[in-house]
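Common to both upcoming complexes is chain A, partnered first by chain B, then by chain C.
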Partner chain A sequence: MTWLPFIIIIPLFGAFSMPIVSLLKGKAKEIWATIISFTTLMVGIQVFREVWNRGTIVYALGSETPFGKANFPIRIVWEVDKFGAIMVLIITLVSFLAVLYSIEYMKHDTGLEKYYTLILILELGMLGIAITGDIFNFYVFLEIMSIASYALVAFRNDTWEAIEAGIKYMFVGSLASSLVLLGIALLYGQYGTLTMGYLAVKMSENPTIVAKIALSLFLGGLLFKSGASPVHMWLADAHPAAPSSISAMLSGLVIKVGGIYAIARVVFSIFLPAINLATVGWLVIIFACITLIVGNAMAVVQEDMKRLLAYSSVGQIGYILLGLGIGMVAYGSKIGELALAGAIYHIVNHAMMKALLFLVAGAVLHELGTRNLNELSGLAKTMPKTTFAFLIGAAAIVGMPPLNGFASKWLIYESSALFNPIIGSIAIIGTAFCTAAYVRVLFTFFGRPNEKVMRAKDPGALMLIPMFILVIAIILMGIFPWQISDKIMIPAARNLWDITSYVMTLMGGG
Partner chain B sequence: MSIIYELIGLILLYIYVSITSLLFSGIDRKLVARMQRRIGPPILQPFYDFLKLMSKETIIPNTANFMFRAAPILMLATVIALLAYTPLGFPPLFATKGDIIVFIYLLTLADFFLILGVISSGSPYGKIGAAREVAMLISREPAMMLGVFSVMWGISKLGVKRPFSLGSLYEHNIWELGPMVWVAGIILIYVFMAWLASEIEVGFFNIPEAEEEIAEGTLVEYSGRYLGIIKLAESIKEFIATSLVVAVLFPWQVRIPGIEGYITNLMIHTLKVFIVLFIAKTVFRTVTGRLRITQAVNLLWTRVFAASVVGALLLVLGVRI
Partner chain C sequence: MKRALAFLSLMIIFAALMVALSPGYGIKFGLGGEDWKRYRYTDDYYIKHGLEDVGGMNIVTDIVFDYRGYDTIGEATVLFTAIAGAVALLRPWRRERNE
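Right after this comes the complex of A and B.
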């Protein structure tokens, strides 16, 4: 008996029952969404523990085994290894906090039954990506996630910027998805299977040019979804325009699950036997360096608070891609292992701190109605709790030692400096920009209060609780950085590298 | 069990360093007065000042936020934590591999808390002082970091138990590395003296607190207890920064086993700190006036940082050859 199916069943049930539940007047839909996402969080924790105790889970839809009478997988399989389990945990956690936060944050908006349906579908799509072991199933979940996020970015459709950002995101996003679909079509035409593990087997027997073309299409599409630098423009518009609870999910989760996780999964679990990993790795590293510098440097000059956070997300994606890229080039070595563990760790950390920062930005926006940093001087006077949360989030993202951002960035710095000192120094330059951006915001917040700010006050408990859960998580994770890294992140990185066991669990685990 | 001993050690060190550093500032004031043919205050004057500040009424400005009150405490806490990583004639209490980064981080963090508290007062004078403090902070630290890292790298080549730990400074020192490194060492003495003067903000570098220009700048809004705490923390920080310079450049100690060895070494270390501070603080602030902020930043980057680069390169070449 595995808990895994419930991770899809529960959000799906919640989303589909939402129109009916919302026929009840009052707070029914908010309560229902909270219950559903909380239950999903519990199942997520359970799945995480299950994977940690018993190793990779393989689940075939419709039967006991993925094989019918054939000797190759014919059913859709879900395969959750340690990396997938970490993603499941962080997705369910941040989504629950975002839903909880929405109750107060979204109360002035209309059409909330659609909002909660979409947010649950967004969560569902991301969870699907994290658990699936079937490449077409992956595409379906990718589209579920993407379409829900297009709709959520443009949710406040009475504002011009939401529509503008939504259209931009949708046009380029569907192009990127179609690249992924084209890649899948090519792979299916060449190899005749859609199961990831079995594709790896077929590909190792017969590496062809088609596989390489498919990989380049995948990388193109997925780098877009992750907001890597030349194609980060949608992100800088979409994050500010979306409601803040959605920005927290977009920035904390969507770009990592739909982008980074998918790249790691596709490269390490499908293409590893067929390609030269160093080439792909260097490609990723080049994008990472550009992303790192562009994202962080653009964050320094922003005057819009959420846009600053969005560019900072781009910059942090650069770190994660850097770790991933070094993990590919230095495959099988100690440096690569550290880098990959650092990337996975930073995914988790950045999801928490960026979610926190966007929730803070949402609270400011909710109380004051402005995102312009020049008008927010002296916020600490009237919104002390919110400012404190921001202080912790900013310190964590810069990477100050008693907080969680330190260890993950340290792993990435250390591995990149050992790998290539030039890349290490690029990472340091990125951090310098990042520090400048956040110190500037802090100086604004702690300055002399202006008249507009004097009328503000801290938001209600329902908005503060999610923020402070994240603050506590950030501090607690910061106290035990190396234990987490040794017990969770490094095993996850080893697990991700180990394609043999990925395939063996699929094929032999029937 | 050892953690309890370390905590007791930290408390004792804190008491010792508080008293010593206040005592030195009394001596410093006396010496400056004598250099100007004045009699000067009694040597214990800083203690009276501290007690008086603690007993005074503390005024919180209307525009101040929570950080105004928290910053002095956080600053003092950071400085006390820093003591556990400071070489004081013997390896630091919490010496581990790579603890130099913690040291630099905490030293900078103390300044950062002060800046945050000053900004939080809402006073425009404070804001100008804080902006100057940030400019100085960014300009002075790279020279020191380069110097310390190159020295530690050079020492780690001689084989030490914990590379890049401040404890390793007592196993070997840079003067053992040969004639080329002696030249580098002399350049680094200049760099570290300049860094120390800018860290404790005296002489040329007494810019963020410039009384005549911006009315005490950083500390303009602080009064009473908080001012006393900040003065104490700055005084301890002065001792710690000088300890770093002493440990990096002049780490010679005597070898006596047992507890009296620790005490003797602490005394020798304190004496060396006093000598270094006498040159970098007392003499420097008597014979020079303050620069403008642009001049100071320019000086730190073109004269001090450049010298640090030259020193580091010479050191690296000296070790390699």
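Right after this comes the complex of A and C.
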């Protein structure tokens, strides 16, 4: 008996029953969405504990084993290793907080039953990506996630920027998804199977040029989804235009699950036997360095608060990609292990910090109706709790020692400096820009209040509770940084590297 | 400049795909005999065992609703999402309170 199926069943049931539940007037849809996402969080915690106690879970859909009468998988499998379990946990946590936050934040909007349907489907799509072990199934859930996020970005259809951002995101996003589909078609044509672990087996027997072309198509599509630098422009438009609860999910989760997690899974669990890992690793490192500099530098010059946070997300994706790239080039060494653990750790940390920062930005927007930083001076006087939450989030994202961002960034700095000092110094320059951007915002917040700000007050409890849950989580994780990295992140990184055990667990030998 | 670069990279991608689809280097077309067993073993299994495993005469529906039924749930969800999204975006604009 495993809890794993319920991680899909519950949000699916919640999303499909939402149109019926919302026939009840009043707060029924909000309460229903909160119940569903809370139950999903509980199942997520349970799945995480299960994977941690018993190792990788393999689950075949429709049968006891994925094999039938053959000696190769014929059914769809789920395969959740430690990295997948971490993603499941962080997805369910941030989604629950975003749903809770929306109750008050979205109350002036119309069409809320569609909003809650879409937000549950967004969560469902990301969970599907995190647990799947089948490459076509991965594509299906990538599409579910993408379509839900296109609709949610453009949800406020009475503002021009939401529609513009939605169109931009949709046009280029569907192009990127189709690159992934093309890659899957090539792989199926060459190797005749869709299961990730078995594809790795077939690929190790017969590495062909088709595999390399498919990998480059995958990388192209998935780097777009993660907002790496030459293709980050959709992100800078989508985040300011979306409702803040959605920006928190987009920036905290979507770019990591659809981008970083997918790249790591595809490269380490499918293509590792067939390719030269160092080449792919250097490619990722180059993109990471560009992303780091461009994202953080553009964050410094922004006047719009949410646009600043969006560019800062691009910059932080650069760190995660850097850790991932070094983890590929230095495969099997101590440095690579540290870098990969740092990348996984930073995924979790950045999901929490950036969710917090976007929730704060949403509170400011909700109370004052403006995102322009020049009009927000002196916010600390009238919105002290919100400003405190922002202070914690900003300090964590810069990497101040008592908070959680320190340890993950330290792992990435340490490994990149040991790996190549030039790359280490690029990482430091990125952080300098990042610090400048956030210090500038904090100076504004603590400045002399202007008359617009004087009328503001802190938002209600339903908006403050999710923020302070995240603040507490950030502080608590900051108290035990090395314990978390030794007990959770380094085993997860080793687990991700270990393709033999990934394949063996699938084939029933391990 | 940008357009020329984009066109150039499209050409490169197109050339790479042509290489991948040429029988000498990559994917073969019109598989038969030994190649069928070698490249389409999964399809071979579905055709041979579909009837006894699932009980339907139609192999495609056997695959789509049994072997890979989970993907079909996903596709249904995609449609549901698309409809929910389209309806959400085409709803009337919200009115200001003093209107």
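In the analysis below, the second predicted complex is superposed on the first by the 508 of 510 C-alpha atoms of A that agree within 3 Å, B and C clash if a C-alpha of one lies under 4 Å from a C-alpha of the other, contacts with A are read in each partner's own complex, and residues count from 1 in each chain.
Here is the rule we go by: a contact is a pair of C-beta atoms (placed from the backbone, for glycine too) under 8 Å apart; a residue touches a chain by one contact, two chains touch by 3 or more.
Quick caveat: nothing in here was measured; it's all calculated off a predicted structure.
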- Message: Quick check for you: in the superposed arrangement, does A:Ile209 touch first (chain B), second (chain C), both or neither?
- Response: second
- Message: One more residue to check, A:Pro421. First (chain B), second (chain C), both or neither?
- Response: neither
- Query: In the superposed arrangement, does A:Pro449 touch chain B (first), chain C (second), both or neither?
  - Reply: first
- chain A residues in contact: does chain B have more, or chain C? C
- Item | Which of chain B and chain C A:Pro402 touches, first, second, both or neither | neither
- Task: Take the contacts of chain A with chain B and those with chain C, and give the residues found in both.
- Result: none
- Where on chain B does chain A make contact in their complex? 63-67, 102, 105, 109, 116, 119-120, 122-124, 127, 130, 134
- Message: Give the list of chain A residues in touch with chain B in this complex.
- Response: 378, 380-381, 384, 387-388, 400-401, 439, 442-443, 446-449
- chain A - residues contacting chain C, complex: 12, 15-16, 61-62, 68-70, 72, 74-76, 108-111, 114-115, 117-118, 121, 124-125, 128, 136-137, 140-141, 143-144, 147-148, 150-152, 154-155, 157-158, 163, 166, 182, 186, 189-194, 208-210, 213-214, 216
- Message: Quick check on the complex: what are the chain C residues that touch chain A?
- Response: 16-17, 19-20, 25-27, 38-43, 45-46, 49, 53, 66-71, 73-75, 77-78, 80-82, 84-94
